[in-house]
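Chain nomenclature is as follows: A, B and C, assigned in order of appearance, with residue numbering initiated at 1 for each chain independently.
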Amino acid sequence: MIAFESKSPGARIDRETNGRIVEDLLRRLFPICRSITGEGLRTTLKTISEYVPLKIIEIPTGTQVFDWQIPDEWNIRDAYIKNEAGERIVDFRQSNLHVLNYSTPIHQKMTLEELRPHLHTLPAQPNAIPYLTSYYKRDWGFCLTHHQYLALSPGEYEVCIDGTLAPGSLTLAESILPGEASHQILFSTYCCHPSLANNELSGPIITTLLYQYLAALPKRRFTYHFYYGPETIGALAFLALHGKRLKENLLAGFVVTCCGDRGSFTYKQVRNPNNALDRVVLHVLKHSGVEFKAVPYFPTGSDERQYSSPGFDLPIGSLMRSTYGQYPEYHTSLDNLDFISIDSLLETLELYVDCVYALEHNLRYENLCPFGEPMLSKYVSCPRTSYTKKSRDIVHIVAESSHPHIGLTIA
Amino acid sequence: MIAFESKSPGARIDRETNGRIVEDLLRRLFPICRSITGEGLRTTLKTISEYVPLKIIEIPTGTQVFDWQIPDEWNIRDAYIKNEAGERIVDFRQSNLHVLNYSTPIHQKMTLEELRPHLHTLPAQPNAIPYLTSYYKRDWGFCLTHHQYLALSPGEYEVCIDGTLAPGSLTLAESILPGEASHQILFSTYCCHPSLANNELSGPIITTLLYQYLAALPKRRFTYHFYYGPETIGALAFLALHGKRLKENLLAGFVVTCCGDRGSFTYKQVRNPNNALDRVVLHVLKHSGVEFKAVPYFPTGSDERQYSSPGFDLPIGSLMRSTYGQYPEYHTSLDNLDFISIDSLLETLELYVDCVYALEHNLRYENLCPFGEPMLSKYVSCPRTSYTKKSRDIVHIVAESSHPHIGLTIA
Amino acid sequence: MIAFESKSPGARIDRETNGRIVEDLLRRLFPICRSITGEGLRTTLKTISEYVPLKIIEIPTGTQVFDWQIPDEWNIRDAYIKNEAGERIVDFRQSNLHVLNYSTPIHQKMTLEELRPHLHTLPAQPNAIPYLTSYYKRDWGFCLTHHQYLALSPGEYEVCIDGTLAPGSLTLAESILPGEASHQILFSTYCCHPSLANNELSGPIITTLLYQYLAALPKRRFTYHFYYGPETIGALAFLALHGKRLKENLLAGFVVTCCGDRGSFTYKQVRNPNNALDRVVLHVLKHSGVEFKAVPYFPTGSDERQYSSPGFDLPIGSLMRSTYGQYPEYHTSLDNLDFISIDSLLETLELYVDCVYALEHNLRYENLCPFGEPMLSKYVSCPRTSYTKKSRDIVHIVAESSHPHIGLTIA
């Protein structure tokens, strides 16, 4: 962990205040069973709105969004598998990962053989419950540890998924912090995973802390746009609302995810290689002293898949710690509160703040006296006589700073 | 010789049918005394028109063609040198190379000393009759082997060139195979050499087989244009007729020559280096397994000199086996039917067919769903659950194929 | 020294005539006490106008020139420091470098201690009088050798600077030699230094010889513009008059200075790297056999500072022998007539003439027969028969010269 004191933009992070917000959000949000629609998602956004003034948007089931349609809304109250003794051997109340996300309701008795095709495990990680979904194909199922699975004995089981999958709406939220320019910087994060800590709760938490940091700045050069909502279908809906304007105004953006584990950093670069964001983030990473690697854009991943699709081609990167799919705890019950740490989250926050700082200060100076040299003696105290080396140095500095190609360009 | 079976586009070549056409054309065309005008040329085009529906064009003597003028028409019936014993010691009926092509008529007795300035030989290749022409400077002469020349004894000789050089017309021929697009691909070949096999009969023969191949295709993307006629002055006349349209429509073209000997392949590239044709031909050559070399455009050679002149600057390449001027048999009586082989011709044909195949299939795919990802489950059978590796691969393929820079670009 | 005879463009330099002009100008101009304004400058320009028809321009004190203002006019009649015995121990009549250029008038007795802050020496070069100025800060002073300074004994001194610093005008001069094109080539040289030979008299002398050379040419492709006047403020005034037109028309230009010493050559390149002038000068230097180095533009130096300022960005280089500031005699009394030589000046002239020659002959040929090959036999005597190597060579040459990218491009 880098000491905050050693770094000037990062020094502005108040470790105590931010640490307290992290603890509060983890405690309240981790237990919720979220999905791409439903009350879990709504409760999550309502909780975050205590820190970020969110505008909540509901999009009805059936609405066409590009090549997609908003699906039915999913809600769940309870789910279990009971053995013949009436014991809950698989229990949604112990882990909301036990239910295949978006399962259709069921309440029925069946033999082990009938049940088996609906059970999902990870034989290679026999203590982990996998996290699985079936958003667009009607199905029901249970996820359990492989040890649980192996312990099942033949017999009759009572299977219950007490929920609804019916027309409703998809919920997403946004917030805008205006700046001097209408050029936007986007932070996009998703809130559709149940009790999973690094992927995904770390993303909404960092985004929330960034909002607080930016809101407290005395002034902002750029306008900051924040998206919270479901992955994929929510990002598509957000693009349906704002894509055209983002194409005109978006200067840079981040998909904020996988920010809390103890691994080293990975920056997934923008699809279109010639952009200011990659230069800014790599500059920050190089000067931060943290261990990191930069990877070029690849077409799988998170919502950068939508933002970077050829029709939008937005300059979106993703600054993560361990990358989704690359660490064994990913999408299992092992991606829990022990897997992340407040220190790791705050270190990631610090780097995001440094990136914002670099973007805000990335300026090109304009020469106000381009025709001939400025008359130096009007501006600086020059030595009287012409032979000293000193006066030449001053000329040199002025002439250099009048060069039109200094600094990174934004546009 | 590469087995036809091993290569998929080449596999469409019917070796037997094509071989039979080659044999027929070689037998009937090789003996004819062709020149840049005259009945030899007309008979040749008429013979080819049994395989290719040719439009014959006659351009009168004296017509201005760019910097040139159509010359008088040349026809020859017989030519010989008789010794004092009345024996034909040099005989046009034995080889039409014996007469300086475009010789003015003569019938006269003269001493060896008077005759000598009109005799042409190749001292370094004493068994070969050179092939020489004098199209634009009135002259007469005989070409003979250096052995024949050395055997001449002093005395009186009867010299006869029984022909005409008088106003008439220049003959050229073309054929067009329409395709879905008006963009053209040109095959240009010349028919103005007398009994010479590799340079030139191999060119018209390959062009004829290509016509047959293309005519038999169920559909063609591009329009194919075929030129048969005299080299240089004929290509200029063809450009006078079509140059402006070719400048707008020509996608690629070949000067087809030197296709029949047993040497390895040479591809003479397009003058203007940035073009799709070179990429296509080099791609085909690299994947064909044949031995080849690519040479950049040079301003001598065949009719690419006219097509590539700065005013036209057409994308014309030339795919040959041994290059004109680079093999010792070139422009001598040694470039005869023994110097070429049907197998070599058919192998060359196969590569031309492969080039046509690559040009026809050189497409850029358009993304019909550029805004956001396509919803894969609408199009392909996806695994239900989200954790398998397989579904990621499908996303990857779709995302890749929506990339706007796949494939060679045509325009 | 390179023999004039060995080089063809340089061969046109008449060594005797040019040598006589050099001698005349050195003899008459060296003694004059010049400054950035005043009668010394006027007399200098009047003398040069015997060789170059100069248009004299006077710009009144106070005129705003970009970021600058034309200062008061400075004139001086006499200056000295007398010791108690009434002897002139520092005497303007012995060297006009003794007075701080642009000193305010003074006539006063004072102690050595009062005088000392107004005395300037070069301890490291104890036999040299430094050349110093104070154009824009009112001050008075004397420059003397360090030996003179050390010999001063305590006592009372009579200090006299008999001159004026009062509203008047700044003088500059220009001349234009029209050519076929309105595109201009500029020679800019400064005449504001007192008795200093290499920097600066060599500059106006070379410029004057160049004018004479160019005026005598039977025809000129380009228009030549000559500037003589004070450095910096004069060049700025010249740009205020002509900058907009030069931005449109200037093809190339030189700041002509430091041309007469015996050192090797330095070419200070144009600020904007992609330009024809650098290619021309480096081509000339490489082929001249002289020792030289090329240095990239740097933002100190002479009037290229004004011409190359971002608002103008003119293609101006500077071809010198030893560079200002880089040789120990620079801006001291050691930069005198012994430090330069007529041979060195004429050798520099020769290189400038070669550059002019290269610029004038830097042509792009236009193909008058771009459609198809030209019919060679109409233009050159071709061998009759087609098999000789010779005819191919001719085709090659013609085809090459019709290539549109021959030669350096001007624009």
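Throughout what follows, contacts are C-beta pairs under 8 Å (C-beta built on N, C-alpha and C of every residue); 3 or more make two chains touch, one makes a residue touch a chain.
A quick note: this is a predicted structure, and the numbers were derived from the prediction, not measured.
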item: Joint neighbours of chain B and chain A, given as chain labels; value: C
item: Equivalent interface positions on chain A and chain C, same or different at half; value: different
item: Chain B on chain C, rotation in degrees - Cα superposition, rounded to nearest 5; value: 120
item: Averaged-CA centre spacing for the pair chain C and chain A, given as whole angstrom; value: 64
item: Parts of chain B lying in touch with chain A, wherever the complex brings them together; value: 367, 369-375, 377-378, 382, 384-387, 392, 395-396, 399-400, 402-404
item: Residues of chain B that touch chain C when the two form their complex; value: 65-68, 100, 120, 130-134, 136-137, 139, 232, 235-236, 239, 243, 298-300, 305-306, 309-312, 331
